[in-house]
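Shared between the two complexes below is chain A, which pairs with chain B and chain C, respectively.
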Partner chain A sequence: MRQITYKIERFDGTRKFIQEYSLVHQPGKTILWGLIAIKDTMDPTLAFTAACRSAVCGACAVRVNGQAVLACETSLDTTLDRFGDVLTLAPLQNFSVIRDLVVDWEEKSERLAAVKTWLMPQDGFSAQTGCRQTGSDFKKINTQAGCILCGACASECSKLTANSADFLEPFTYSKVWKFVADTRDQAATERIKGILDKGLWKCLHCAECITKCPKGLAPGEDIARLRRFSLRMGHDDSSGARHALAFLQDIAETGRLNETKLSMRSIGVWGSIKKLPLALRLLRRGKLNPFHLPRKVAGHDQIQVILKAVKESEQA
Partner chain B sequence: MKYAFFPGCVLEGAAKENYIATTKVANALGIELVEIPGWSCCGASHVQDVDELAITALNGRNLALAEAMGLPLLTVCNTCTLMLRKAKAQLDNGQKEKVNQILAKANLHYAGNSEVTHLLWVIAGDYGLEKLKKLVRRPLTGLKVAGYYGCHLLRPPAIMDFEDYANPQSLENLIVTLGAEPVDFSAKLQCCGFHATYPAENDVIRITGRTNQSAAQAGADCIVTPCPLCQISLDINQQEGLRAVEGSRELPVLHLAQLIGLALGFSVDDLGINMLVSGREQFAARLS
Partner chain C sequence: MENYDVLVIGSGGAGMRAALEAVRQKDLRVGLMTKMFPTRSATGCAQGGINGVLKNMDPDDSLEKHIFDTVKGSDYLGDQDAIEYFVRQMPDAIRELDYFGVPFSRDAEGRIAQRNFGGASSPRTCFSADVTGHVILHTLYEQCLKHGVKILTEWYLLQIVVKNGELSGVVGYDMKNGSIVPITAKAIVVATGGAGRIYWLRTTNPFTSTGDGMAACLDAGIALKDPEFIQFHPTGLADTGILMSEASRGEGGYLLNNQGERFMSRYAPEKMELATRDLVSQAIETEIKEGRGFGQGLSAYVQLDLRHLGREKILERLPQIRELAITFEQVDPIEQPIPIRPSCHYTMGGIDVVDYRTCATTVTGVYAAGEAACVSIHGANRLGGNSLADIVAFGKFAGKGAADCARQRVIAEPSWVNAAAQSWEERFSLVTCRKTGAKISDIRDRLAEIMWNNVGVFRTETEMAEASTTVDQLIQEYQTVPVPNANKVYNTTFVNYIELGSMLTVAKAVVLGALHRQESRGSHCRADFPDRDDVNFLKHTLISKRAADYNIAYRPVVVTRHQPAERKY
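Here is the complex of A and B:
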């Protein structure tokens, strides 16, 4: 009989420890099947959350060998093929752990509510007539409406792991975008202003959230949508916004990045002065040449024509 | 094997040693790299935050230039690979007609027969590690190497589909082929933070410290990465990173082509390894 092992990262309220459980393999099962089998037949003290078993409620997200997944929809056989017959299960990262695989959503819910992720209907709507929109308008936000708040994106987010004080959970940005793009909502500009100092430009672009969302959302792409919207509102006074704008400016001017100007454009004179020790380090190793000014690339005229045509296309 | 080479901006600037190493190694392997005349910046994972159509169209131009050469496009930068492949995916899935109308004004056309690949994928794939093994002149015996993939060669997998993002093996297999020993370390698949260097500087420095410490604690003599942006971030911020995590051991961070080049018999000077900021003296001593 083929034996498989679940090594589970447990927590009893004060102490973290790893406990191993051996199971007889059964084909065609899920990760959740194994957890339930352990709880039912070996160890009733093992704590985890799960409810719908249909990838709808979002309760059963856990990390398996460092990957956040929904336990109920993740094939055990596929996972064993990927990682071998010993699996390591851990609670979601970037959450407080209550016990074993159960994480605390209270703080996350408060952070979600702080940016008002609910519909603020336009004045024309009423309790009697409701808040109706066309099917095509709903399709624009259908993907984001599919978020089940499982927490997988928050678990894998590199920025939250580095520092959560000045950044929100990726699902929160997707929800904010959903309401900004919702034709029934009246608070788009207020919503954008509300996230400018809540990490809008601090995403690390690691694409973990896009990779791990079990429902096909792409929070990183929604952050890009929010950034574009904020720039159209004129909010370009942050190092992140200036940094992004500098790249497009450089492409327009020569076709390629000008590293010497990039620092000045992104963080200004004072910020660049503070970076002098780093600049000197690079100069000494021959990695920075302040006198290197990129010349226009061959076909720079094509780039200008393309950028002009893009502007015309966007205005049409 | 012949490729339209897209070096990317950073190989003209802060990672110019990777241009040196890549061209030498490609030549030694018999891989012909023809630089695309007039290539432009890929957008560096930033320009879509300003104007998505603009960067799709500009990368449509880059792809069209490679198509005109009749060659698959090869990069040595994770983010360039992602940006170009993302543009190709957008063009091939609904944007082609719209973008071709824009490109036509510059007398360009995107046909869709281009391919975008990365040096690691070529060597671990079509070129083959067995063929590489036959060219190894100086096996890196005893050298413990931490292979650091970098985000954009693996994620998002819908676009970067060379291997399993959760359990990639190409870098470890390549390290073994060169005679070195891959070390497993917890930060192997994590993000270096490079793209938020300005808006989240302190976070990036802490990430640098943790990543290098993770590799050092696993016993690595060096890190190797297929991405010059990861290399820059982990190398040039290392002093501050070590301070942030109270670490002490500097670790050299090599470009992929530099590690391959060492095994092919090139010297430290040949490959620009003397341009590394961190740990280069220790590394030179370790090699000798």
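Here is the complex of A and C:
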């Protein structure tokens, strides 16, 4: 009989430990099946949350061998094929752990509320009359409305892991974008202003949130949408915005980055002076050449064509 | 010790709508207590839509038609005054949801789109693709954040404390902090959802639909109304029982037997697949019983065929259905029919609400709404799209009712809730010390098995009598069940133990009601009494409990304009 092992990172409120459970393999099951089998037949003290078991409630997100997944919809066989017969299960990262695989959502809901994630309807609408919206405008918010608050994106977010003080959970940005894009809403500018200093330009573009979302959302892309929207509103004076625009300018001019100019444009003279120790380290390792003035790359005219096409598509 | 003017218990659509209504009264202390994080609730599993006469798709639809469809759908067991009140509120309630921010699918003029649904004489089911419950749940949660509703997240209801026929408060278990907390409240709204998990092995419901509030009310001296009426949804996935929305039939899906025949033509020649859920479920089970299903025994099934709808329509209107079928049944509905079988879906019965305008119960201070409650607007069979409607309409009334009540009452003497909390402390110590006894999961599975086999889609006296004996036996075993987990922090073993107690308490009421209803009506289909009997049974069952003894009584159905007639689709 084929035996498989769940190594579970446990926490009893004071003590952390790893416990191994050996299960008889059954084909066609899910990760959640294994957790339930352990709780029902081996160890009733194991704590985890699960509700709908059909990937709509978001309760059962856990990390399996370092990847956040919904336990209920994740095929055990596929996972075993990928990782072998020993699986390590852990609670989501970037959450406080309450017990075993159970994490605290209350602190996350406070962070949601801080950026006003609710509709602020246009003046022409009322509770008595409802709203109007075209089918194509509905489709602009449909994907983001599919977020089930499972926390998979937050768990795998590199930026949150590095520092959560100046960044929000990726799903929060998707929610904010949902309202900015909702034609029934009147508070787009207020919403953008509200997130300028809440990490709008801090995303590291690792795209973990996009690959981990079980419902096909792309929080990283929603962050990019919010950034573009903020630039169109004229919020181009932050270091993040200047950095992005400097990138664009370099690419447009030569097709190559000029690291020295990039720094000056993004964080200014004083900011760049403060980065001198870093610059010196880069110099010493041959990563930076202050005298390097990039010339136009071959095919630079094609870059111009691409940039023009992007601009036109944005205006359309 | 905590205290509230209004405490809402349960954070599905009904609970959150009630809390939103109560916080509008600025001077009241309102709390929303839930055993999960709010967006995990069963409301999020609702897929197809929410009914209301907006006339966007059909200008000839009318309140009158929605009323009659609901009365007829209920097999004349719904109270017609309550149904009328409910139907009249719905158009406003849906427009309000739109204003709250629910992203509805739209028609060509930008109005809320509507679709056909079972038992409806016009397309009046408003929807957001096939995730309508999900978006309503999340939008209500957004509104709760907006209005600063105090949410007691992961607090489990242990007991409703009633003294001299009036509410004192409740005992809660603060799971994250690991403490048992007495809470005084002037009024509570019980919105804890259904009890579909008494059919644990075959249900569309989340693990958490364990009838907690129903059992707590029964223990507090409030009756359960019509508990024998359990809705079996016709289209649960064959293997897991996971819901395939009624929208799949509303959008034109076919049901096929092993002859490739659209067998509904023999059961409901006019409405075909769009007959009511009770009739379609009974038809499917008949096909299987008579050998026209696929597979054998518990794994038998028929097919739901969507292929003729075409790729585009499936992707636009039924995207979640497709994903669920692929994930859990390894079948892509664009290319293959989906294996389905009825699955326990909804408890029409519930906490006896005696005033549909306020959702009051017989105990002063206790209000109930949503699937936990029985108003009754669903009678013997609920129409698809009427449950999301129920929760937003009656959630609001209950919130208002409880708030008005709280103003009239003073906070109760805290010694009663304190004493109750103390005895829960003792019970926790007692059960977590036990070393021997039957396992929680064993009792749970044996309950599910006997309920599915003996109190399922088709019922007989003999089988139900056997179920009754078994349930009594399981209740007996439950008295000595061990809870081998003494750590109070997030103790899901203890929660599962109490949930099992709730399921047993409710299941006994279901069996008792079913045994005594010697007729077939709506979802209650008896092989030994195949006909509806309006002379003897046009009445609500009321099951009450005193200590361990259950009592059964009846109350007449309110009939206003629609005299009971034969029900054909």
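Remarks
Assume the second predicted complex is superposed on the first by the 289 of 316 C-alpha atoms of A that agree within 3 Å, B and C clash if a C-alpha of one lies under 4 Å from a C-alpha of the other, contacts with A are read in each partner's own complex, and residues count from 1 in each chain.
Keep this in mind: contacts are C-beta pairs under 8 Å (C-beta built on N, C-alpha and C of every residue); 3 or more make two chains touch, one makes a residue touch a chain.
No experiment lies behind these values; they were computed from the predicted model shown.
Shared-chain residue A:Phe247: touches chain B; no touch with chain C. Within the superposed three-chain model, A:Ser239 lies in touch with chain B and out of touch with chain C [touch as defined at top]. By the touch criterion defined above, A:Ser158 reaches chain B but does not reach chain C.
By the touch criterion defined above, A:Ala55 lies against chain C but remains apart from chain B after alignment on the C-alpha atoms of chain A.
When the shared chain is aligned, no partner comes close enough to touch A:Ala181: not chain B, not chain C.
When the two complexes are overlaid on their common chain A, residue A:Met264 makes contact with neither chain B nor chain C.
By the touch criterion defined above, A:Val115 lies against neither chain B nor chain C after alignment on the C-alpha atoms of chain A. In the superposed model, A:Leu196 lies in contact with neither chain B nor chain C. Interface residues of chain A facing chain B in the complex, by the touch rule stated above, are 65-67, 82-83, 158-159, 162-163, 166, 201-208, 210-211, 218, 224, 227-228, 231, 238-240, 243-245, 247-248, 250-251, 255-257, 259, 263, 266-267, 271, 278, 281-282, 285-289, 292, 294, 297-303, 305-310, 313-314. If you check the complex, the residues on chain C that touch chain A are 36-37, 39-42, 44-45, 92, 94-96, 98-101, 103-113, 128-129, 131, 134-135, 138-139, 142-143, 145-146, 148, 151, 153, 176, 178, 206-208, 240, 242-243, 320, 323-324, 327-328, 439-441, 483-485, 487, 489-493, 496. The touching residues of chain B, counted against chain A in their complex, run 9-10, 12-17, 37-41, 43-55, 57-58, 61, 65, 82, 98, 101-103, 105-108, 151-152, 155-157, 164-167, 189-191, 193, 195-196, 198-200, 202-204, 206-207, 236-237, 239, 275-277. The touching residues of chain A, counted against chain C in their complex, run 12-13, 39-41, 44-45, 47-59, 73, 98-100, 102, 104-106, 109, 112-113, 116-119, 121, 125-135, 137-138, 141-142, 145-149, 179, 182, 184-185.
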